[in-house]
Each structure stands twice: as structure tokens, then as C-alpha cells.
Amino acid sequence: MTAALELRGLCKSYPLRDPNGWLPRYRELRVVRDVDLTVESNSIVGLVGESGSGKTTTGMMALRLTEPTAGRILVGGQDITRMEAAALKPFRAKMQVVFQDSYSALDPMFTLAQIVAEPLHVHGRGSAREQTETALDWLERVGLHRSYGSRYPHELSGGQRQRVAIARALVLRPDVLIADEPTSALDVSVKAQIINLLQDLQAEMGLSILFISHDLSVVRSLTDKVAVMFNGRIVEEAATEDIFIRPQHPYTRSLLDAIPVLNPRDRRDRVFRSREDLEADIPRLSAVATGLPPAPTPRLIPHGPGHRYEALVQ
Amino acid sequence: MTDLTTLPGAVPDHRQRSPLHFAWRRFVANKAAVVGGAVLILLILMAVFAPLITKSPPTAQDFLGEALAFPSAGHWFGVDDLGRDFFSRIVYGARVSLSIGFSAAVFSVLIGIPLGALAGYYEGRIDWIVMRIIEIFSVVPPLLAAMLLGALVGGGYWMIIFIAGLFGWVQVCLLVRAQIKAFKEKEFVRAAQALGASPGYIIRRHLIPNSVSPIIVGFVLAIPLAMMLEASLSFLGVGVPPPTPSWGQMINTGMSFMYFYWHLAVFPTLALAVTVMATTLFGDGLRDALDPTLKGK
Amino acid sequence: MIPFILRRLFSVSVTFVIVSILIFTMMHSIPGGPFDAGDMPLPPEVRARLNERYGLDQSLVTQYINYMGGVLRFDFGIPFQSPGETVLELLGRAWVPSLVLGGLGVLIGTPLGILLGIAAALRRNTWIDYLASAVATLGLTIPVFVTSMIMILVFAVWLNWVPASGWGAPDKWILPIAAYATIPMATYARYTRSAMLDTLNKPFVTVLRAKGLSETRIIYQHVLRNSAIPMVTVFLPMFIGTATGSIFVEAIFRVPGLGAYFVSSIRTRDYPLEMALMLMLTVMFCLAYLISDILYAWLNPRIRAGGRKG
């Protein structure tokens, strides 16, 4: 069976203009470098990393909301990297998104029914009445009363808005959902509700989810597989339990060490490292930052079944 | 999916309030704006029903024998130098002033919205071109250019609307552009893009509805600008040609008589001042109500 | 900073050339030249000779290049309405009243407006705040010629304190200067007030208060300086407003300044003078635009470092 979403060698770089020059001079800022990632059907994959590591850009590229500089995106085995808007449209219906900021994710001038019905309208599914009916059904399905259909987003709480955003993303019955930190703006109790909702809907619909987050405890409870991003690259990838028990890459280790633990005895062997310290340890990182020519290329090397991490190959 | 439908507060118990409802509440709290709006409505009614509240047409020289007469019970605002009832002239002057103001504002909005939307949504080259055009308009003062244009093509009612619109769109365009630039990075626009909605659809259904506030503000604030432009041009004799009653024109005439026949200068001056003031106060109030972040700008 | 200035200078020069082309084409392409049959009944060969002499038979492009060539040597031609002198001499003469009255008006109006704005912001919702708002709204909305008319009616006609019009004795300057001063006063009263209020509401002012700085020092050392930046941007509209206002002030008070000549050149279709005045004003506005851009960048460290304001 083909994977729901595959990213092959995805890169994104931005030209940076030197502001003080007489003539425009550009440097390249490489935000995402050579990302390979597979989201298998009916599975949840976590993409973790600190802010600025390129995980959101990767998600946006997968959605073709940001154009990749190089690499390929495959949805259900079909290459959509270079597709024109018209050819892409059916694939857009197969891949939807939920954003972090639920407030700006919903058009303030639309009622909730309009918001959830919009995907059906854009894809011309059913009559206007059927679209509204389906939208109200979906509001109910994500735990909001049907009468909320005539309300406006600003009347809702953050958790309720995120439910609406999920309903909008799933109303087209997509195969893939890209969830870009959907819970990081929510209270802990609400967070759990939204996670439960996503889990239930995933199981019911056989959905594949790319779950982008920096919240490792959420990732551990929700995902089947985790990829760790650092400075635009995937530095380690493995089945969730495997990576939490046997992290290989120094960055992954320091990331895991940063999770608060309840039992003081467990804290003994935790190490907190400064970024400088970390960078010295991570293959060739400083060379990339200063734009020096690449020394031996770091590669993802296998470490047991389905577990890869980045290291220098001499 | 079991207990989700019974979440606290899941059943709404109040009627829905659109964002405009809150704008209305803020507007009503602003006394100056409400008074301005009321005066404006009164002026509009006066202009619309002008034939019913005046005793003679504005161009009829029915009272030549009483030319230059001071205000009296028969002629509330007196009689002008050519024997016309001055009250009719002032009332019909409101027609000219307001209709020019509104038409020019419509014209400004019609040019300003599409250009602002295009510049704001596409940025890059289109934005650069639009901004250079605006830069040209901002180093050429509208009044001077209008005088030149008016003098060269001979003024006239429609010409003034055209000129006022030509300079009025800049403000609308900048307001719409700024709003769309701010909104197009929002996640709901990204979500619509992820749905495969076309740029035209996104601009029409999401970005322009979210720009109603700046559009309304731009529209209302373009009205007094156009009225001032008309009055200024007519005052200089390159605006609406006589005998059409225009306040600017009347002020110009009044100037030569003001030492002896004060009413010819006072009434048109007051009429213009009150109308422009009322419209501006109303517009400012609308702006503050619709977009509290713009207050005082 | 220097690359920034040069980039802006280049951009403004391009704007100036485009505007000058627009004005030139507008003035020359509209039907009705100075020697048309309607205006001047001349035999065709005389008209042809006149057109030839003034270069009106050449293509617009040639005429534009010739004209701009002359402008670079300060040769603006001869005004039709006063053929005894050159346009340059006439402008040199007309500058004086405009500069004296306008300059004094700005010099008096600007500090008054700023003071009023500061007072209004510091004493919110008191009589001085309402006064400032009234001055600002009235001054910005009512056309200058209406304010001038009201001043004449009140101070010259009814109270008979000062003469209404003319140029010469300084007592005749009072009303025109007052009329001029309303524009910068209203503009600065409004923008100073809103800029001050903006700054006063910023979190850093709360921090300063919290650390126990005296209110006076907060105002003088922090708030005023931070409010200066937005106020610089008002320079351009204020300048344009005053310059445009001069047309009406001078027409109403019968001052023989640039504004008055602008009006008469338009009434008499005095192309050389009109063109010269338009060009001069455009240069002035372009410079004002440039200066306010540079000042803004200079005062604002965030922009000084890179790019332009967008």
C-alpha cells in the first residue's frame, strides 16, 4: 500500500538581501534542507523540534502553500510538486490543515456554518442546502451544538474554535491532515479534549496525520512515529517508543532531557546543555551556519528497524 | 465522541452578535459623531426635498425689485444681487455639494478597492507600480492639479466629480491595501488557499468583506474632501459654472458685497462649514467605531 | 544611510520627471492653444509664424525636451500677463510676500499646535483637550478660504480692528498670517495629541512609572522623544496644506504672492508662468517628501539600518 504522504529531499531557501549595499546582493538562507519523510496510511507521525527548526515550513510545503526550492511531494503516490492550480485542486481536497492560532484561522465575518461549509462550496459538493446540512452535522460531530452554526468565531472559546477548525479540515473527508501545533495555544484541560477528538476522528476515518509540535508529551501519547527536526534537517526518526527510550542524536537527547519529570529520582542523569555546546557536538552544524564548504556530509544512518539518525560518515 | 456533546456551554442561549454590532455600539457612544450624522441626514433630506421647502427655483430672478434685501420673514436668508431668493440658493447648493461629494466618493471607492486589493494581495511588481502611482499623486497636491485641470477643460459638474475621484481613490486604496496585506497572512486565508480556492475567490469572499471597515471609512472621508474641492474650485471660478448654485461660487460673490450686505457672505460660508464639519465628524466617528486601532490617525 | 538617501533621491527624481511630463502634456494637449482662432482672430500665416516662434509646431517630445533644457538654465520664458520681465524675475518678486506671510504663519502655528496637542494629551477630557480637538477638527476640515472669510467678517468688518486686505504696512499682515497659521496649528495639534497618547499607552511608559521615575522626566525624556517620530511624517501634508492654502489666503487678502499669481495665470491661460509655478511646486513637494522620508529614517533606528519604509 502506498504511503498517504511522502516528502522526498524537500528543500526551502530564501534569498536574503544585504540592506546596506549599493547594489542588491543576496545570500541564501536555508530554512529546510533535504527532508525525507513518509506518513503511512492510517497513522500519526509527529514532527518535533524547537521554534525556527523548519517544521512549520515543511508542513506548509507539503500543503503546497509554500513552494519548495527543491524536492518532491507525493500524495497517495502522485507527485504534486509541480502541479498547476487546476490539476492540484482534487489533491487539495485529499490533504487539509489545522493551524495553531484558532482565532485567526477562522474568518471573523463568517458564521460557523459558513466556515465549515466553505470547503464543500469551493469544491462544488452538493447544493447550498446540503452543504449547510453537512456543516451542521460536522459541528455536532466535533462536539458543538447545531445551533452554533449561526454564531461568529469571536463568540467562541479557543478550544471551541479549534473544534470548528478541525470540522472545516475534515468536512471534505481528506486522507491526510496536517496539524500545525493545533494544541499549543490551549489550556491543558482543553488540550486533552482536542487530542482525544483528533484521536477518535483518526480512528473513525482512517486518517493519516502529520502532527507538528514541540510538545513532546502530547507527541508521545498521540503518534506512531516521530521525526526530530533541527536547523532545517531531520536529525533522527524512529517509532515513538523507540525514540523516547533510545534516542541516538545529541539534539534528540537534549530535547528529551528538557521534558519535566515528576519523580526526582528519574532526574539524576538529565543533562542540560547550552546551544553552543550542542552545536559543537552536532556534525558540521557550525560549518553550515558560517557558509563554509561542506566537510564530509552527515547522513542518516540506520540504527535498528525503522530508526535512523544523522551522523558523520567518514 | 461520547461526552463531547454535553460540554458546558455547548447550548447557546443568546442571540448572535456580528462584529458590526459592536461597531454600532461604539459609534452611538460618540456624541460628536452622532450629531454629525444627524446633521448630515438633515442636510440630505433638505437637498432631496429642496423644491418642497423653497418658494422659488434657485435660478429664478423673481425678486429683482428686492435685490440685495436683508433677511426677513419673506426671505429667510435675504435676496442676492441678481434678485434670487437666497434661501433657495443655499438649499439647492446643498444638492450640488452633497451630490458631488457622494458621486466622487463612489468613484474613489470603485478605483481604490480593486487597486488596493491587487497591490495588497500580490505585492511584488503590481504593488510597486501602484505605490509609484500613489507617490505621484502624493507629490501633486489635488487642489492645484484640480485647478489646472478645471481651468484647462473648463470645469463643470461631471469634471469636478471626475477630478475629485481621481484624487480621492488614493486614500481608499492605501486603506484597503494595508488591510489586505495584514489579513492575507492570516491562517484563514491560508486555509482557503489549502482548499484550492482561487485568488479571485479569496479576495472577493474573505479579504474584501474583512476590509469593509476601511472601505466605509474611506468612502465617508472622501465625501468632505470632494465637497471642499468643489467649493474651492467654484470659489476660484473654475468649478461649477453659474447659474447653478454652488456655495463656493456664492462665497466668492459674497466677498465683494460683505462690507454692506453681510448675508451674502455669511450664509454660504456657514452652510459649507457646517456640512463639511458634520460629514467629517460622522466619518471620524465611523472610523473610530469600525476600527478602534485607527483612532486619531 | 547614504545608499538609502541616494535610493530615495533617485525614486523622487523619477517621480518628478513623470509629473513634469504629465503636467506638460496636459497643458499642451488640451484643445485651445494661446493662439487659437477662437481666442485671437489672426491670419493663418501670422498664427503659423507665432506657433513656429514659440515652437508650438514641433512634436510634444521636442517641445518638452526644449522646455526642460531651458529650465535647467533657469529660463522659464516670458509671462504673457507681464511681458516686460521674465518668469524668473516675476517669481523672484512674488516669493517675498508668500515667504514672509507663510513663513511667519508656520513659525507661529507650529509651536502653538504642538503645545496645544501636548496639553491636550496630558490633560485628557478637560477643557483644553476639547479646545484642541475643536481647533484641530475645524482647522483641518473647513477650507482655508472659509476660515479667512470668517476672520475678515469678524475682525475687519464687524469689529473693525484690522484692515482686511492688502500688502505693505505690517498691520495688514495680521489676518493673513493668522489664516496661514491655522493650517500648521490644526495639523500639529491633532497629530501631537494622538502621537502623545499612543506613546503614553505603551507598556514601556508603565515600566518607567513602576520604577518610580517622576512624571515630568517620563514626559520630557521619553514620551516626547518617542512621539517625535510619527510627528515627522506630518511634515509633508502640513507643508502641502500650507502651500495650497496660500492660493486662497492670497486671493482673499489680495496679497501679490505666488498663490495669487497661480490663480491669475490659470485665469489668463498664462502657460509659461503656470508651467513654471507647477514645476516649482512639484520640486518643492518632492523635496518635502524626500526630507520627511529621510527625517523619518534618521529618527527611526529600525529603518536606518536597512530597507525603506514599506
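As written, the chain order gives the labels A, B and C, with residue 1 at the start of each chain.
Simple rule for what comes next: a residue touches a chain if its C-beta (ideal position, glycine included) is under 8 Å from a C-beta of that chain, and two chains touch if they have at least 3 such contacts.
Note that the structure is a prediction, hence the values are computed from the model and not measured.
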- [ ] Could you name the chain whose Cα mean is nearest to the mean of all protein Cα atoms here?
- [x] B
TODO: Please indicate which chain is farthest from chain C, where distance is taken between mean Cα coordinates of the chains.
DONE: A
Task: Inter-centroid spacing, chain B versus chain A (mean Cα positions, whole Å) - done: 48
TODO: Let me have the rounded angstrom distance from the C-alpha centre of chain A over to the C-alpha centre of chain C, please.
DONE: 55
TODO: Could you please state the distance in Å, as a whole number, between where the Cα atoms of chain B are centred and where those of chain C are centred?
DONE: 23
- [ ] Over in the complex, which chain B residues touch chain C? Could you list them?
- [x] 132, 135-136, 138-141, 143-144, 147-149, 151-153, 224, 228, 231-232, 235-238, 251, 254-255, 258-259, 262, 265-266, 269, 272-273, 276-277, 280-281, 284, 295-297
Task: Complex contact set, residues of chain A against chain B - done: 60, 63, 65, 85, 88-89, 92-93, 95-97, 99-101, 104-109, 111, 118-119, 122-123, 140-145, 147-148, 150-152, 154-155, 157, 165, 168-169, 172, 193, 197, 200, 204
Task: Residue numbers on chain B that touch chain A, as the complex places them - done: 1, 4-5, 7, 9-12, 16-19, 186-188, 190-198, 201, 206, 209-210, 212
TODO: Please give the residue numbers of chain C that touch chain B in the complex, ascending.
DONE: 11-12, 14-16, 18-19, 22-23, 26-27, 30, 32, 137-138, 140-143, 145-146, 149-150, 152-153, 157, 190, 193-194, 197-198, 236, 240, 243-244, 247-248, 251-252, 262-263, 266-267, 269, 274, 278, 281-282, 285-286, 289
